[in-house]
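Working notes, beginning with the structure itself.
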């Protein structure tokens, strides 16, 4: 294990205080009752097939000024920020020319982002897996032939994790790429589903995700599915499932997710349009200001010229 | 920065004079450079210089949980750090083959040869043992790092004293040095690593300098008997406890025997010097004399240039009757032929330095830089 | 080479030897009282293209403690020394090259960082790199009763309410770097600054003395 | 000093061998299809795989105009030892072994024939039961032969230790894991037996210099014995006329 | 893959062949290449298997260690997958070069074995909340000839099948600590229940068709592939008569650069589950046969010497 000498590290064998609380070890049934009531409503009041809306007023692009393109996405408590940097030339790597541009993705959890544990600064296997999944989802959609032998860096920082990290990260990255004017084949959107006890729950929270993957003796379907979709081409760019789900259920979930992604796409489009409009307005304001200044300058020049001619 | 390549003319020159029975610094084959051991204010801190090669070693200790397979033994950890201070070609915080090799040699010499009584480092079986950490820092690399580093490690270990502990029931109290006299580490034997550079098929140079090491490692031409470096770990009982060969293959087993024989003598003398240094340091400490690295700073001996030794040493001490036959040592001697300005004064055995006649207090060096 | 009583300021006795290491371009070993530091400077060097800079030399500072695992405070010292050297060295004369400063702690009886800065400065002088100015670091401690102690001893530091360290340049005696620990009033800070500024003269005098003796040998 | 119990009263060792007896060596050349040369070697319970790639163009940073760069990597499977290893390679001991491999094999390879080139030798220890390094050198030699790299001579490695029969030293050949753990001296010699030169010497623990002579000569004898075995294996392999490499998968 | 170079015509040949359901080595799109399997090849491990799928060579060793269970799952043991890409396979894997591939495979395995229906971690519990077994599944990739995931999952399941866990003879409670006494007799142990352990099937899209068990050359021609994990049927892994268990997906993932139309993906996964069922029953049969051979001392150990 590489030890980080450049930062103050917490003690290695510390234990979360939550471990000593009564709620720490709860059985599957207890958790299940807690999350889903008899009327088929979830804890946060949503119906099973109701997704959290991508908050259009808050979710926006162009949020990191240093980056070429950036986006912030918020799904209730899940908060993700993504920045895309200018392509840079790939140097020194075995002198091989790569005909396609490379995408480098890094997903990082903030140390305080997860409800169950503190995240270390050194990337763990979860983060590495998320980075790989994100890369897979984006590689398909970006026109990598447009920037051969260049590498584009995409960084996703998860500020708060309340389920649907991967889909939020993909949505944010899609927005950020559009903001960075990276050529793409299509708009991407991603959505996720949890299957608990044969019930399909759309856009699960962290607690629901946890329950879906919890160890249980039940033979019924449990699992998590995340999907990334391109709308106009009608193609999956990524499909991930874990848990234990039979074939019939998987096929059903695919259809549901496809619809979900379509809904999301409208929201994403709206954000993109509003972003363009805002940028256009900003540009207009800048132009006007420039015009005004030029006029002032022009008048000054005239004044001086007059003075010169006079004296 | 990349290591400076050794030029062909340098290589052939060194090879020729060695074949002729000489060495660049005027030593004979079996002669080592001047060994100096200085101790710091802490226990287990020492700086060893072998000629211009300088190594700092520091032992520190902490209480840790023992390893599961050896619940009643303390732990010893040796870490070698070669920073750019040693020579510009080294990069910071990077494990190169060189570092790994040096580290492993020291580990083999001191850990695997069981020279430290690890059981005495145990406080509570399966729970608490002392862990000794030896930090070896290379300050200046003028050849033969391993010998210098091994002497430094051994001196630091032999000099080190850990705080005393007492057990009261389940509690373990660690006493500060002021409360109770600290305890020295038990060493069963004193192994040191000695380096021999092999030239040709039967020439053994002890304590090779930087350039000699470089020359003997880069002779790879077909046909010629390649050279190599042979490291022999030897303790004062004439027991070899480590062998390591780098470079070309040895064609004659006898050369190994020769090296071991010579190492057995030298090992003992080094250990004697080391023990004497530790004893004298101990007596000084008993007299409450403050010992500090500040003592190694000399204010009267000043070098205006970086090179401390004259790179080519003189065998005859009077510059006026310089022997014109010694044509191997030519280049730099051109200046010595005009004798009026300087005095040649013997300092170390087989070494001489030039003194300006007029000014008694100042030293001057012969070096190519003087031409400017 | 002992700088003794000067006006009413007193610094710890200083002792220095240059050219201590044969393989470095410049090196110095400096003792300030019982605190001893060894510094080496290499440069300008040929370095990796990725770390080269078009404008100036890339400065790398490494601080290595006497023993034990590397830790965060070592990195802090490195950054303080790097920033200080960055202002002193005329890096723009050596574009696309690297300068490596390596500092080895030998003894620490208080004032390690000031000693390291001064030692680095001497090593830089010895290496012959072009510099805008030389720098001198002076430290002082504020004890419980509010008195300022210049160049505190190890025990004084342990009992001090605050310690303050300042680095000055040689030309206008302006503050180059300052770092403090503990709690102190603004007035105490100003007073400490002025006293250290005055005391820095002693350090600069010491530099002159050292360089003069070495010059004599060359000349 | 090792206890006297390394030798029974009949003069047999813990695993029933005589002091000058090697463990059973079984080997096979050409176990893989993709590398240019590969070999598998069992020495008692120690099992080693070796693969050789090259000579091919050297990586720029390593390139040498004097001769071929011999690049070695020694790696131990995580399940190869009694206690699980955390990392297969990259620790100091494996790095040291890689260095030693290069040292032992460089003098056997006719390096001057391929300037600006590189030969990669990869060793995977599947099961370590003493003298894993020796088995690696022997396996690497076979893999080099399988790859058709010109060698000066066979590079063979062997360990030897010493046991005490009364006060008489009795050198032991090819030290097993139990004997290694007993803490006696362990001398590793890699030699080119046909030229009589020593390519690598390595020793751990201590031994009085008076007994050094017998121990090293026993190790050299072991190297000569191994050479005979390797030579036989190579001849048999060539007599078969086929390696897996030549079989075209249709 | 390992310095593999294919010309454009070679690629076209492979793609067109697959379009006609005819692959360059004579198989159809649903055929696997010959598989060789040997278990118990490493004596230092509790269970081991070596699998050769044409040119793909995998060695799996399983070590068992006593560990403390995770606080949130006190009744469960632990299983950890570690993949090491040996440089023997290709020089690109030297040093840390194979790490990316290794991480990818161990991630897929970890996901596939995550579900409780796939692998029962309760059987690894010794003393709830205090002690459990930890299985280290170490996978060594010795040669890459395509289709690593399938080969690895087969080898892992075979190695798990041969793994035996020693019985606990006595446990001593000393304050909060547990002192275990394990049986020294290697036969005084229980085998793991691994019938439901998942197998991975890679479906490689080449041209417009999906193929199973792609060779290295075929992988080179494909832009996107789907890896599915399908849980096994315990009925194949025992001589006793037990009920068949319906196979389920334990993981699905996509790799490579390219998208898939939903219908294509649907057909691919149904194709995959059929392949997985066939593989599972074949593996079960051969493992049972080998176990019988060992019991009747018929089996010769070959290792790498064959």
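As written, the chain order gives the labels A, B, C, D and E, with residue 1 at the start of each chain.
Simple rule for what comes next: contacts are C-beta pairs under 8 Å (C-beta built on N, C-alpha and C of every residue); 3 or more make two chains touch, one makes a residue touch a chain.
Here the structure is a predicted model, which is why all the values come from computation and not from measurement.
Contacts with chain B and chain C are shared by no chain at all.
Number of steps on the shortest path from chain D to chain E, with steps defined by chain touch: 1. With every chain reduced to the mean of its CA atoms, the largest distance from chain E is reached by C. The greatest centre-to-centre distance from chain B, using averaged C-alpha positions, is reached by A. Once the centre of each chain is set as its mean CA position, chain C and chain D turn out to be 53 Å apart. Chain C and chain E, compared by their mean Cα positions, are separated by 60 Å. Chain centres here are Cα means. That of chain A falls 48 Å from that of chain C. Residues of chain B in contact with at least two other chains: none.
Residue positions of chain C touching 2 or more other chains: there are none.
Shared interface positions of chain D, defined as residues touching 2 or more other chains, are absent. Against chain E, the residues of chain D that register as touching in their complex are 26, 28, 31-35, 38, 40, 42, 45, 47, 49-51, 53, 71, 73, 75, 77-82, 84, 88-90, 120, 122, 124, 126-128, 249-250. Residues 66-67, 83, 92-93, 95-96, 99, 103, 107, 111-112, 183, 187, 192, 195-209, 212-213, 216, 220 of chain D touch chain B in their complex.
For chain B in complex with chain C, the touching residues are 1-2, 40-42, 45, 47, 52, 54, 56, 58-60, 81, 83-88, 92, 133, 135, 137, 139-142, 290, 292-294, 296-299, 302-308, 362-364.
Taken together, the chain B residues at the contact with chain D in this complex read 69, 95, 97, 100-101, 103-104, 107-108, 112-114, 189, 191, 220-222, 226, 230, 233, 235, 237-246, 248-253, 256-257, 260-261, 264. Residue ranges of chain A in contact with chain E, taken from their complex: 15, 19, 24-25, 116, 125, 128-129, 132, 136, 139-141, 144, 213, 215-217, 219, 221-223, 225, 230, 233-247, 250-251, 254-255, 258.
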